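Notes to accompany the following structure.
First chain written, first letter: the chains are A, B, C and D, and each begins at residue 1.
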Amino acid sequence: MITSSETPTRSRQSGGAWGGFADRILRVRELGLVVVLLLICTIVTARAPRFLDGPNLEQVALSATLVCIVALGQALVIIARQIDLSVGAIVAMSAFVTASWLEGRPDGGILTAFLIGCGVGAALGTGNALLVAVARIPAVVATLGTLAIYRGAAIVIARGRQISATVLPESYQEVAQLHIAGVPLLVWLALLLTLFFSWMARYTRLGRNLYALGSSPQSARVAGISETRGIAFVFILSGLLCGFVGVLWGARFGTVDAVIARGLNLEVISAVVVGGVSIFGGSGSVYGAALGAVIFAVLQNGVQLLRINQFWLDAVVGMAILGTVVFYMLLARRVERAEREWRRLATLGRTGLRVAADR
Amino acid sequence: MKRVREYVARWEALLLVFLIGTFVFGAGVSRYFWTASNISIATASFMPVAIVALAMTLIIVTGEIDISVGSIVGLCAACLGVCLERGLPIGAAMPLSLVVGALAGLGNGVMVAYVGLPSLVVTIGTLALYRGLAQIVLRERGVSDFPEWYQNIGFGTIGGSPVPWSSLIFAVLAIGFAVFLHATRGGRALYAIGNNREAARFSGIAVKRGLLGLFVTSGVMCSVAAIVLTAYLASARSDTASGLELQVITAVVLGGVDIFGGSGTMVGVVIALFVLAFVQNSLGLAGVTPEAQQIATGGVLIATLSVFGAARFVRAHGAARGRFRRRRPRALATGGRPSGGGEESVKAHAGRE
Amino acid sequence: MSGFPIEAMSSVAPIVELRGITKRFGPVEVLTDIDLSLRSGRVHSLAGENGAGKSTIVKILGGVHRPDDGLIFKEGEEITIHGAAEAQRHGIAVIHQHPALFPDLSVAENIFVGRQPRRLGRIDWVAMRREARELLSGLRVDVDVRLPVKMLGIAERQTVEIVKALSLRARVLVMDEPTSAISREEAVRLFEIVETLKQQGVAILFISHFIDEILRLGDDVTILRSGRRVVTSSAAELTLESTVRHMVGRTPEALFPKEAAAIGEPVVEVRGLAGCGFVEDVSFTLRAGEIVGFFGLVGAGRSEVAQMLFGIEPPDRGEVRVDGGRARIRSPRDAMRLGISLLPEDRHQQGLVLEFPIRANATLPILRRFTRWLGLVDRTREAEIAGDYAKRMRVVATGIEQLVNALSGGNQQKVLLAKWLMPSPRILILDQPTRGIDVGAKAEIHRIISQLAGQGMAIVLISDDVPDVTAMADRILVFRSGRIVAEFSRATVDRGSMVLAASHAGPDPVAAGPGAGRP
Amino acid sequence: MGRNVRVLVVLAASIAAAMLASDFGGSHGAAADFELAMVIKETTNPYYNATLAGAKIAAEEIGGTAKNYGPTQSSAQAQIEIINNLAERRVAAIAVAPSDPNAVVPAMKRAQKLGSKVITFDADSAPAGRPFFVNQATTESVGKFGAGKLAEVMSYKGKVAIVSAQPTAANQNAWIAAFREELKKPPYTSMQVVDEVYGYDNEQKAFDLTVALTTKYPDLAGIYAPTCPGLPAVARALESVNKGKGAVKLAGMCVPSITAKYMLDGTISVFYLWDPVKLGYITYYAAKYFADGKIQGKPGDSFTIKEGKWPGTYKVLPNGEIVTGGPLQYTPANYKQHEY
């Protein structure tokens, strides 16, 4: 017989030292985010205790929600190894279209408004999907192009008009003011969407296929996962969520024009990257991206409260992005090195025989 | 097959037709288009973008990208402004701003080449960082009162001729970059890196040093653009040139440079720059709104990419039959034509094309 | 020696059977009239030298190629296999040497990707992990199913691939050289797994370069040579020697053997070189006019030594002397300065820029020589010299401006050779220079190499092709597991013992368990 | 290859044909008619729809046309391109509302050299660039007005924060300087300006900054927001943190069409601007008369509108300005008359 059957020679039990170490490192991303978030909160609170005031926290949360919802879609896009630079323009377009539909309807029709906004968003997302998934234009440049086109189209449609709280129905504007159990409706919505998409990414085959696509498009092809459908899905979904945010945007700020949400794309991508989603696709989590959005919202509020000059904000954001990507890079290298060292020892036969610990 | 390849290879020729078409269009929509002063001003206004596009071409040829160019221009402009405020003569401020640009590029380059981070992420980060630095040094101030001779760089023309000074700077740089890319060892190395980084390394090309050099060059070009743009605007502010990267990348891609690296020519990019400049100018003369121009620019970008996408598709399709495959080894030993060494089969091969 | 008695062989009906399979690529017949039966609970080993046709059989079973002639039967019924999906439907799974998995996904997910177990519409992770764990423990493998695959070694990835195949109810497992990229201990584990699979009634086609593995693991052995089945026999009836004899044949054709050349002074002396993770204690001397063959299987460390000498991967330890002086080689440029050229193993990834014309490829390392002030390239001289070399190498092309991706493999290889001869090296390292090219081109490249040695160049010829090495090399160093394990001179070389030395024959590594098999 | 050449030829021919089909060399006699090109800061600001409306009223009265030209987002560089283009078109008169007072000067000088009459309105450039500036209200009067009215509703005491637009917006900076200067004077000594932030003409930023301000200074009594897209966002932010409806007194400048709601519900205590329609109206008159040679644009020149919407005599002051009026406060009573 070939095998000395009674000894399983190699072990990698999760209960073992290595397994625990690996697990810890794998969880470090989201855990680290929570730590960073708490750290920022602590620093801000220490210097400006009013940070914790109810209305302030509520508003910080509300600021985070809009970015957060867009970031959910963007996270899935990036997980599938793509990128969507046109998000801000889609938000503006759907916000404007929705607001102009609502303009003549003082009695509401809020649900229809949401349908319209989401429809516009999904339509524009489909435009991106066609270019990237069907025409196979690299996402960076395709969405750079649609960014210009969508924004331009929004401006043409708006013709310099602003739609303001004065003409928008009260019921629409109240959407942003509604509270359920003391927490604003928008926050609930963002929370629900975050939970839903985190769930979707983790607990549905569709979600897992996106990870598979991002991790290795070649292997995905072998496994029979449709690249075209996956990519189209994420772009349409991203558009849809942008459309949804467009509707909320008008409700929250009360004024809508064609140039709102300018620069939102970089803000969102920063949140996603800082949230631990690898720009190369395949890894990261949706709720990490949501946490990233919260961190940026707290950071912006904190910079104000700490009386740091406003002119420092962009530099701080830039440092935050670079800092986190370097951190993740070092982390990945460290895991790799630990792994290689472990392999070397194993090859030398020193730890090759490790008795399995019981689970 | 061959036709599609030729077609793409002749992109420059097609662009030239575009350019002529643009001139015809411009002359059609406005009788003021074809005047020396209009051509002169349309050229001058596009020079900052054009100067940055030169370095961007090299970067994209190697398969990298630099999103932070607009912010570096802003940072260098802020540097010029601060120097002027402090009473430094502009002659001394310009070299200083070149140094600032080089350092900003160095930052990008180190992160990309030596730390090994993806250039897209790095330059998105520095896009915010460098703009932030510009805001920190210049805050709300706008600095003007630049000397007349300096302002001439942006707007002024050479002697009595309609040739703007800035276009002279661009012409010299463009020739320099074109010669570098197409006629020197360094240029060859960039194409090699863009096509096959591994093979470039095995051929003794210092890939990391090359990339670092490129990003520094890009920083310096941004600084030159800042000098021209500040002269053109007669004013230095922290928000100078925000959004410049979009126009630059559009021009480079329109010029036929493959966004994945490895191919493209400087001639194509230069023609594309002029196409964009005169399309915008003629639309402006026709009274078309800026947003319509924006849509047109985006549309041109998408259309260009679709052409390239179609070409790439055809090429990939050909690769499935063992022809024109990119980057993937062909299994010629087990597939294809095992007796390819002979004269005969090559003739047959050529005949099929 | 293992599970089933030989007599059982005929009593078990084959699950999959190949009958009279012939495959042609163009005018060349790569498989001729092959019969092969894969039976439940039995391992069928496939042996043969490079180019014998082993991988073509794998591709036919995997649905990549379709045979030109002959039939495939599954449980007595004729089937066709068109594409990977169809192979999967027929219960045939191919385990590749480098598995196509998702590096970021966990082990459990990789096994179940696209068909994760669900409960109430959601993926049941607990069940999925449990099932994965069960499948793995069914093979007595213990891997944390939550680890992302990128943190596993190749052997473990193969295991994942095997488990994935099992979970897809594969009844025939084709293992294409699974052991060539993994360590001995890992190989031992793999064999245990194979044993378990046999007990589960899976039919296995096992392909390996390692003859001892073939004999120990296989119940039946088929030996191929030049696309023909030489023998099919029970493993017990074969010995190492007879197997090697079948593989090598009695009169292998020697393609343009090396002409005698005066061997001069030592040019390169390597002492105690170690690095790349597993290369240890490599020492040798290389003399002017000498061709030294590095023989060994893929992953034995030959290419790694070459890359350390060329500055691609700096060594951890050891000393390299060139012309008696200690050499510090940190980059390819350092190596080129010392007169070293490396023709790399992977022509497409490391050797050539496929989108460049012949001219630009050939002159890439020495462009410096054609540059005038400001780095301008002297195109005329470049074209002249490139044309010169192309002619000398007898590259067949429409001209030196033809893109290399339009050339045949042999001509590409000649361009690559021209590229690395242009620096006028004194030391030339050729890593598999004749891999994947046709006979004519091979002979020409051999002729050139021989000429170069005659001119006093010191040459390292890396190959796993036995006739090539024995025909060309003055001395042969045999590599295994990162070390030099044997040395033969031109006079004393014996093909059989060379092959044995490279493929772990010696103290029995399999029976002796982990750690054995190392000198 | 032959096919290729054919493709190119066909392409070129079709482009040429398209050009010819479109009105090649057609009627471009616009130069004969008077056109006032109004180069505005941004096309998305409804304020400039009001100035254009004023100019159009004037055009009805004395002939010619008026048109707005501007970038979608405030940018000096984009304005320069526009001025250059207009100059190339030999537009009779250009009225510029510069984003950056210095950046536009060379382009304006160039346009003058090419024959256009160039003036400024709404915001001034460096004096070198223009003969005169049609000013809606002097800087001091705008700042002073805001300070005085805000002090009144704040009972002359408490902390004040300022929400501005772009840090580089010259107009805003000047008004704020005047506002701060005014608050240094005796009646206002118990008021202090505690902070100044920039909303970048971006609703989201202005909103978030206002929230942070109210958190940072819980005893904040007043906010001065002389920024048009910013003011509604500031008001909405105050309402969101329950400091609206007069809890924090808000004074600001914007157009009624998008802001009136917050004035009506009391969140904006002092809501003022000037009459942008009148500004556009006078600008048109001044530009037309200047182009027709009826005035030279030198200090001391004056023109009279006899019959029209806003009759009167307007004079170029020694500092090169024509002042068309002063601050105009909107109240629930009068805002309906100002439809812009």
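Convention: a residue touches a chain if its C-beta (ideal position, glycine included) is under 8 Å from a C-beta of that chain, and two chains touch if they have at least 3 such contacts.
No experiment lies behind these values; they were computed from the predicted model shown.
Asker: Based on mean C-alpha positions, I'd like to know which chain lies farthest from chain C.
Answerer: Chain centre farthest from chain C's centre: D.
Asker: Between chain B and chain C, what is the separation of their C-alpha centroids in Å?
Answerer: 43
Asker: Taking each chain's centre as its mean C-alpha position, how far apart are chain B and chain D in Å?
Answerer: Distance between chain centres: 36 Å.
Asker: Calculate how many whole Å lie between the centre of chain A and the centre of chain B, each centre taken as the average of the chain's C-alpha atoms.
Answerer: From the centre of chain A to the centre of chain B is 31 Å.
Asker: For chain B, which residues are shared contacts with two or more other chains?
Answerer: 135, 139, 238, 289, 291, 294
Asker: For chain A, give me the residues that contact two or more of the other chains.
Answerer: In chain A, residues 155, 311 touch at least two other chains, as defined above.
Asker: Let me make sure I understand the interfaces: which chain pairs count as touching?
Answerer: A-B, A-C, A-D, B-C, B-D
Asker: Tell me, which parts of chain B touch chain D in their complex?
Answerer: Those in contact with chain D are residues 3, 6-7, 10, 13-14, 17, 20-21, 24-25, 27-33, 35, 37-38, 41-42, 45, 135, 139-142, 144-145, 151, 154-155, 229, 232-235, 237-241, 280-281, 284-285, 289-291, 294.
Asker: Taking the touch rule as given, give the residues of chain B at its contact with chain A in the complex, in rising order.
Answerer: Within the complex, chain B contacts chain A at residues 65, 111, 115-118, 120-122, 124-133, 135-136, 139, 238, 246, 249-250, 253, 259-260, 289, 291-295, 297-299, 301-302, 305-306, 308-309, 312-313.
Asker: How about chain A: which of its residues touch chain B in the complex?
Answerer: On the chain A side, the touching residues are 83, 131, 135-138, 140-142, 144-149, 151-153, 155-156, 266, 269-270, 273, 279-280, 309, 311-319, 321-322, 325-326, 329.
Asker: Which residues of chain C touch chain A in the complex?
Answerer: It comes out as residues 2-3, 84-85, 100-105, 109, 113-116, 118, 121-123, 125, 140-144, 146-148, 151, 153, 183, 185, 188-189, 191-192, 194-195, 216-217, 277-278, 510, 513-515.
Asker: Show which residues of chain D lie in contact with chain A when the two form their complex.
Answerer: 42-46, 48-49, 68, 72-73, 167, 197-198, 202-204, 207-209, 211-216, 218, 229, 232-233, 236-237, 240-242, 257-262
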